[in-house]
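Two complexes come next, and they have one chain in common, chain A, joined by chain B in the first and chain C in the second.
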Partner chain A sequence: MRSNLFLVILLAGLILALVNPGVMAQEYDLTLYSIMTTDQDFDDWLADLEKETGLKVNVIAAPTNSDTRQQKVTTVLSSGDSSIDILEINDEMSSSFKNTGWLEPLQAKVLTDEIIDYFPEGYMEDMITSRSGDIVGVPGYSGYLAFWVDQEKLDKYGFETIDTKEDFIAFAKAASEDGNFGYGGSWERTYVFNEIATFVNLFGGDYFDWTNSANREAIQFMYDMVHKWEVTPIEQIGDKYEQMNQKFIDGKYAMIFMWGTGTEYRNAGRYGEDQIHIAMVPEFETRSIFTDSWSYVLNSASENKEAAYKFLQYVASEQGMLSAWENFDRYPARSDVAKKLPDNEITEMYNRYSEEAVVRGRPMVPQTMEFITQMGTIFQQVMQNQITIDEFLVKAQGFVEEYK
Partner chain B sequence: MITRFKLENIFKWIIALTVSFIILFPLYWIFISSITPAGELFQRPIKYIPENPTLSNYIYLIKNTGLYDKIISTFIIITTTLLISTIICVMAAYSFARYDSIGLKIAFLFILFSMLIPNVVTARPLYDFMRKVGLYDTYTGLIILYISRVIPFTVLILRNFVSNIPITIEEAAAIDGADFSQTIFHIILPLMKPAIATVSITNFIMCLNEFFIPLFYANNIQVLSTAITQLPLQDNMYSVPWDLVSSMGWIIILPIIIFVSVFEKQIMEGIMAGGVKA
Partner chain C sequence: MFVQKAKSKLWIAWILVLPVLIIRGFTVIYPIFETIRISFYDVRLLRGLNQFVGLQNYFKVFTDPKVLETIEFTLIFVISSMTLHILLGVLLALILNMKFKAKKFLRTIVLIPWAMPMVVIGMAAKWGFNNEYGLVNDFIRRFVPNFELSWLIHSDTARAAVIAMDIWKNLPFFAILILAGLQFIPTELYEAAMVDGATKVQAFFKITLPLIVKNIMVLSIPFTMWRLASFDIVYSMTSGGPGSSTELIAYRITTEVFTNLNLGYGATLAVLLFIVMVVFSTTNLYFINKK
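Moving on, here comes the complex of A and B:
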């Protein structure tokens, strides 16, 4: 009986395969490879885009898992596959692809002189401009590795703001009691890269020059946070953002650096002026902050370039940026559009970041993931006293020379 | 006084419970993660029963990830693969088991050898090939690749099974006047039923779990296994939405559990039959 059932199922599948007309019956102007397709407002964003451009867009869901996505995108681009026209890529992929010739230059038809100045200059130069000067991507938004504080703890320990290095240390020390810590990090070996680079920037160092004394100060500072002042736990070398955020929400930490606009804290009922909120990044030697983005790029092998330019002109336009903000909560990469957003604590702080802080793209190399992993590994070793800070600096410089 | 029989029973129960716990606890953990709100997922101390269980993750996935299309695509690919591969493999297994020549031996070794090549090694040339012959992102192309994926294992199992069927049965059938096709369809195939059922079920699970082929050789045709990598990124674009990942995990696991429950008898018969004859 069950064998027959099995056979019936098999035959049903075969019949379905024979009669199925396929999924590409409809004609499209271009194909978009996007990470946002499973967002609940993606359809609204796409409807806006199709209405404004008149394009019919075929959408393919890209993996949101970074390793898988990078393998697939590398295969598509390197093989000259023309089945995908527009792709969304992150900073890591930009660093890997911008000098390969796989991406079409966009300065002539999309990022023209009229709008290019509205995009963050440093980011554009660092991340999506090739060695030959071609701009190969349109940033879809601007994100910041923002500074977040727990107001309840600020009030409890009598701090109004954390504006300087001294404030930072004093608050971290004060808030480290009863099993809680003043500072929380995500020091898993691939995640810690952002924080090492943040502290290097705050101390005025250069991530690609580990002979720089400011870099040493930054690492010494992070080491002291763990071992001397005991304001951050060594156990966080296993933590990614999920664990760090949960601890922050649970009140284990008083301040952290974190991407995004605080959705996790809102969802947990911990967001607000009197609870967890975004704050101005403190000034150590400098007041630096990292920005990131996902950029839309045009596959050089595309056979639908005119349609693709139209698409990219839309996402780079004011309307396109506002649509991304409304549907995906993506803060516009264009400064002129950002100023038109309704005022709230996030937009206000993002505006202050762009005006008052030194905004930088993250230090990426062509083999970014390998570089990040190596640096994270030796950072964890120094934090666990397996190597000295001097040994760390020598090894770090070696990795820079190897990968840059 | 505890008898030796009772002690043995207690020992068996301890082993059974330990093994069950090792197997079932991860499933339980994925399940409770799937019904736990994201803000409570990493709470300390760990909560083994969610305080605020919710089905919102499942509802989100059903609404936003095109599950229906993925299920249909998966069904089409897997059933066709199973049907065609079983026919091919039964014929191949019979040939490898009953005939002897250098060519056949080399062919069999080639099939076995192909099991040892990691997918990623052949990915790029195969990607180019599939595009050039127009099979990229088509059901036909995917089904061919799925079939090639299951053939080595299936041929190996079925060949060993056929080798253990006494040749005298076929000789007796021949003496009784059965021709070759009658021998195959009326003698050998009925004897192979437990083995065919077992490999079909194993292949079904293998196909359902197959990740690399649909990821690399298709864009528009999407299946359940790749859906787990296509979940919405969090606000910060770097965190993994573990609540949704867990829910999607359960959606993928569920058909396997149902399938194995329905065909449990055949699986056990096949395994035991293979075990005795080997």
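Moving on, here comes the complex of A and C:
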């Protein structure tokens, strides 16, 4: 009798365990995998969205570590997991996934003819349009790998602006004293890609052609910054953005390239015209700058597609873009919405970037993360004198041919 | 009569065990065979590749410089870490076995690092070994004022830092297990040795060490296996850098499978690691049975 009772309890427990997740899932219209949950205004943004769309959104926080984040997204999409409907993915991921069939095309129901022309055409084509012409993501914003300077240091060393390569070098040299450095970077092997490509662009090179002499000049320039002029520390090959930003905030660096609109500096009380602020990117051979975005994508395996379309229509709308600007300081990806923003130093500089600089999407390949890691590894080797610049160029070209 | 009744109810036991057998079969046996199968294929999800290549992945492992560097560091990591675990672990166990006032307190606090998640330790260590902000250099500068070293940017020092953190976290647990063995040694043996005029050093080598050597052997095998499969410390502390000099084999497998989506090649590395683990596991069972 007692054993029968035990069996009944066991079975009841199993049934409850199986049924319960279903009950939980029905409470929400869709599940969002978001990178913005740590933002203090995330709840306000979500409330706006739920109010305007009438959707009840379950939110899963993406890990803050970039490797973990990417691995989780990859696992969900590649395995056909339907537990997440909408995901936020960056350019590295979208260029990897856009041709896999894991992402639902959006041109018919979300990015329709009425609004598609407001999005940056080149970026849309390069980053989130598949070979078959499907647009698979809604850009959440338009960002730049902007140039940031510390005004206190500009004043201290007698510089008004950093407008040319010569200004850049002179300021970097002047500001490199007392254990501080003129230029700071984030040269961890998966992060340094952005800076290598930025300097290649500034010198007028081509990231996919390492026989180009301008590419050599760019690498030589970065090498000289470390070893000849000693204006940037080799120690930064261990640094990701969090370490680089902390050093910039602490006054260890005078200028850097960084994404975003300065939230980290605001939070640290170091943002302002007389402190850290955004500046026009200097002109070397060219005045080039990278643009990027995190895009909202729809998992093909989603079982809540109608709700997901509603969500995506909202984030692609004027209202959705303005909510992202107000809550996350994200500059709208739509040109018509961007024009409606009130003037401030960020919007003014973003306008100047789009008008005066050569704006480019970052060079991506299908196996982007593997390519980025390989390039970062040999870059670290050349900066540590483990290989020569010539060897770097040969290996880099080899990786281009292998992955492109 | 009683035995017959018990046998007739054996099916209840099987029913109760069955869910576990099914779950274990599905989550352990099936993945092992599936991993072995995939290791003979070139599966690259991002390129849409899925073709049979026979032993090609296995040949590639031994000519791939990335993997060879990974194997090199894995061996350095396992051998260095285990050597230090044994030497320092026995030393710490001896200290904890001594009679002194704060013995219980020390035995308690010594386990704190072991109780912390490795990922937390790895992330803290990334800052801890930073030249500017790290507490390691801050401590050294109290004795060497101008000391400057960015531990995690040079291959050798980054490797040393990873090994040091592994020992810092896991040594206390190893020592506590050795301590358990030490406490089984009868005090009469030491008293008899003292009467015969043996010094403390002689007592250690003639009594203590021979009596705990089997404990050390039995403990060393699972600890070695954990080192071989170690992943989280590198993942959170160095991401395998600088270059790929601190990549451990488990980290490379994860990178190949989950970041690069080279499932076939990642599976090949996993199968090779699995074979090594089986050898260690069998050896472990042999020593346990012998004991």
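By definition in this document, the second predicted complex is superposed on the first by the 372 of 404 C-alpha atoms of A that agree within 3 Å, B and C clash if a C-alpha of one lies under 4 Å from a C-alpha of the other, contacts with A are read in each partner's own complex, and residues count from 1 in each chain.
What we mean here is this: a residue touches a chain if its C-beta (ideal position, glycine included) is under 8 Å from a C-beta of that chain, and two chains touch if they have at least 3 such contacts.
From a predicted model like this one, the values you see are computed outputs, not experimental measurements.
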First (chain B), second (chain C), both or neither touched by A:W259: first
First, second, both or neither for A:R189, with chain B first and chain C second: second
Contacts of A:N245 with chain B and chain C, given as first, second, both or neither: first
First, second, both or neither for A:N90, with chain B first and chain C second: first
First, second, both or neither for A:T75, with chain B first and chain C second: both
Which superposed partner A:S302 touches (first chain B, second chain C, both, neither): neither
Which superposed partner A:I35 touches (first chain B, second chain C, both, neither): first
Touching partner for A:G143 - first (chain B), second (chain C), both, neither: first
Partner chain in contact with A:I60 - chain B first, chain C second, else both or neither: first
Larger contact residue set on chain A - chain B or chain C: B
Residues of chain A at both interfaces, chain B in one complex, chain C in the other: 3, 10, 14, 65, 71, 75, 78, 243, 246-247, 250
Residue ranges of chain B touching chain A (in the complex, touch as defined): 37-44, 60, 63-66, 69, 72-73, 75-80, 82-83, 123-124, 127-128, 131, 136-139, 143, 193, 197, 200, 215-216, 219-222, 226, 229-240, 242, 262-263, 265-266
Complex contacts: residues of chain A adjacent to chain B: 2-3, 5-6, 9-14, 16-17, 20, 22-24, 31, 33, 35-40, 42, 58, 60-65, 68-69, 71-72, 75, 78-79, 81, 83-84, 90, 143, 191, 240-243, 245-247, 249-250, 258-264, 267-269, 292, 294, 329
Chain C partner contacts - residues on chain A that touch it in the complex: 3, 10, 14, 65, 67, 70-71, 74-75, 78, 96-97, 100, 188-190, 233-235, 237-238, 243, 246-247, 250, 252, 366-367, 369-370, 373, 377, 380-381, 384, 386
Chain C - residues contacting chain A, complex: 12, 16, 19, 44-48, 126, 130-133, 150, 152-154, 158, 235-236, 238-244, 254-255, 258-262
